[in-house]
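We just call them A, B, C and D in the order they show up, numbering each chain from 1.
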Amino acid sequence: MSPGQVRYVGVVGPGDGASADEVAAAAEVGRLLGEAGAVLVCGGLGGVMAAACEGAAVAGGTTVGLLPGGDRSAANPHVTVALPTGLGELRNGLLVRSCDVLIAVGGSWGTLSEVAMARRTGVPVVVLGGWQLADGGTPEPLGVEARSPQDAVERALDLGGR
Amino acid sequence: MSPGQVRYVGVVGPGDGASADEVAAAAEVGRLLGEAGAVLVCGGLGGVMAAACEGAAVAGGTTVGLLPGGDRSAANPHVTVALPTGLGELRNGLLVRSCDVLIAVGGSWGTLSEVAMARRTGVPVVVLGGWQLADGGTPEPLGVEARSPQDAVERALDLGGR
Amino acid sequence: MSPGQVRYVGVVGPGDGASADEVAAAAEVGRLLGEAGAVLVCGGLGGVMAAACEGAAVAGGTTVGLLPGGDRSAANPHVTVALPTGLGELRNGLLVRSCDVLIAVGGSWGTLSEVAMARRTGVPVVVLGGWQLADGGTPEPLGVEARSPQDAVERALDLGGR
Amino acid sequence: MSPGQVRYVGVVGPGDGASADEVAAAAEVGRLLGEAGAVLVCGGLGGVMAAACEGAAVAGGTTVGLLPGGDRSAANPHVTVALPTGLGELRNGLLVRSCDVLIAVGGSWGTLSEVAMARRTGVPVVVLGGWQLADGGTPEPLGVEARSPQDAVERALDLGGR
């Protein structure tokens, strides 16, 4: 992949509250992104974020952590570029803005804020599990539904192409 | 209401895409907030935002518009304090942060980003119509459900008390 | 002054470290802005900010406090619209962005960050005392130099006209 | 240098208006930072920023560009992690916050806004040339004065140690 084709893929999902399945899926998503030469951008903390970063780091990928607080040491140990923003949860919007595409693994209010912001601003979203949305009728996924981590990464790299 | 008891109530909802019912509900919400002496905070543009501001302004209330762009003149004419933030949609998070409680009238991706951010950060949310959320089961409202504009304002002033 | 002509004037200067002269000048600046029907925007805390707000409030003016933290109660008692931003010192940039013109009363690093940002982004700056800048030669004022609070307000309302 | 000892060093200075001397100094600063294993953080654009990034990249270092706009392609070609923030000049404050120490090469209003913010928030500043500040008396440098790019980098790595 030439430098101009590098994709920045946001991986979002629950932190401390992530389930074992979500953590495993995030690790696999991270590994595949690392192998594909994508830059993984996340919130830099635990749960889905840490698992995705570990997967990517093991595969030799670059991981960026946009931390909510002002202390770099809050980053999980697999973040290669840790940036304390001091923005609190406003960093969620910054994360969305800095990505070509988003993969959401599981659901939480923070995750939903990122997915909604992405949908609002035209950043493609791939979802792997997580919450659904309804407008008076049948609930629907929040973005393009993926069946597996591999499917999620393939769709994301396709949607995030520029 | 003494100065220390002033509540800052965010009113969020669709802009240009707002339905006639949503606009009417927002106007009534605004009027009741103005009469109650609350400060109405919104995104400063059209649709639900403009209707709420007009309702509040007619009732003599103060309305704050946190504009996404850098041009103050983009504010609807009923905003009494118009602040261009230049933050784009990141101003949604700023809006949430500056409010004691949020009333969501109708649904949109931008509205959802605000509601999710509020839920993530502990700002109470009252919903009047709009989208529902599901986690594999029956869809549920995004916050405390109100039956009418009056019910929404009463619940918001109660939840936003300090 | 018709609504479309309302000016938003930022008043910036030292907080706790403000001198008695700076506090007195800021109070006079605030009073004159309040009498002129301008909206006074500041950082919402003490020193120059509190003095300017008090002056404006006594004259019946509107004062906006963009607070660095997340707690509205940190605002000085003369702020009429207090918005906790949670942005820390990044709120200095937001303040600049939301103003038509800036009046700097006295000098401090925070004040300098605001004046420099204003100069960088084309927001006119009037200075009343404070620091000077040199580029290897004679120090010069950071903006249009005013001789008195009245001169500062007159120049600001003139420069901030749209 | 172990991962826990990586320093994040901001390099700030004029963009398009940088002089040939400033560009040369920035390139040398970047090269030395790259060789030292530091992460170079900058605004991602031209002039001092591009020169510093090129120096660092040639030395195999990591460079982060926090872009003011929303378009990643605005980054200079030597940025290894390019993050469009969409914050405009507010990204100056974000840059300061994400760094352990700042090196300012030359002077401009944007540079001054970053240096002042750093001084305000306790981020150490090393200056190589650039503007001076006066408070009614003799102008003084804006931070720790360096005599050469090598001196600047040595002082920065020393001051930015944690």
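Assume a contact is a pair of C-beta atoms (placed from the backbone, for glycine too) under 8 Å apart; a residue touches a chain by one contact, two chains touch by 3 or more.
Quick caveat, the model's predicted, so the values are computed rather than measured.
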Do the two copies chain C and chain D share over half of their interface residue numbers, or under half; same or different? same
Chain pair showing more contacts of the two, A-D and B-D: A-D
Rounded to a whole Å, what is the gap between the Cα centroids of chain B and chain D? 40
Chain centre separation (chain A, chain D; CA means) in Å: 29
Two or more other chains are touched by the chain A residues 70, 86-88, 90, 94, 97
What topology does the chain touch graph have (line, ring, star, complete, other)? complete
Mind listing the chain B positions that touch chain A in their complex? 88-90, 92-94, 97, 107-110, 112-113, 116-117, 119-121, 131-136, 139
Can you tell me which positions in chain C touch chain B when the two form their complex? 3, 8, 39, 41, 62, 64, 70, 72, 77, 80-81, 83-87, 94, 97-98, 100
Given the complex, residues on chain B that touch chain D span 70, 86-88, 90
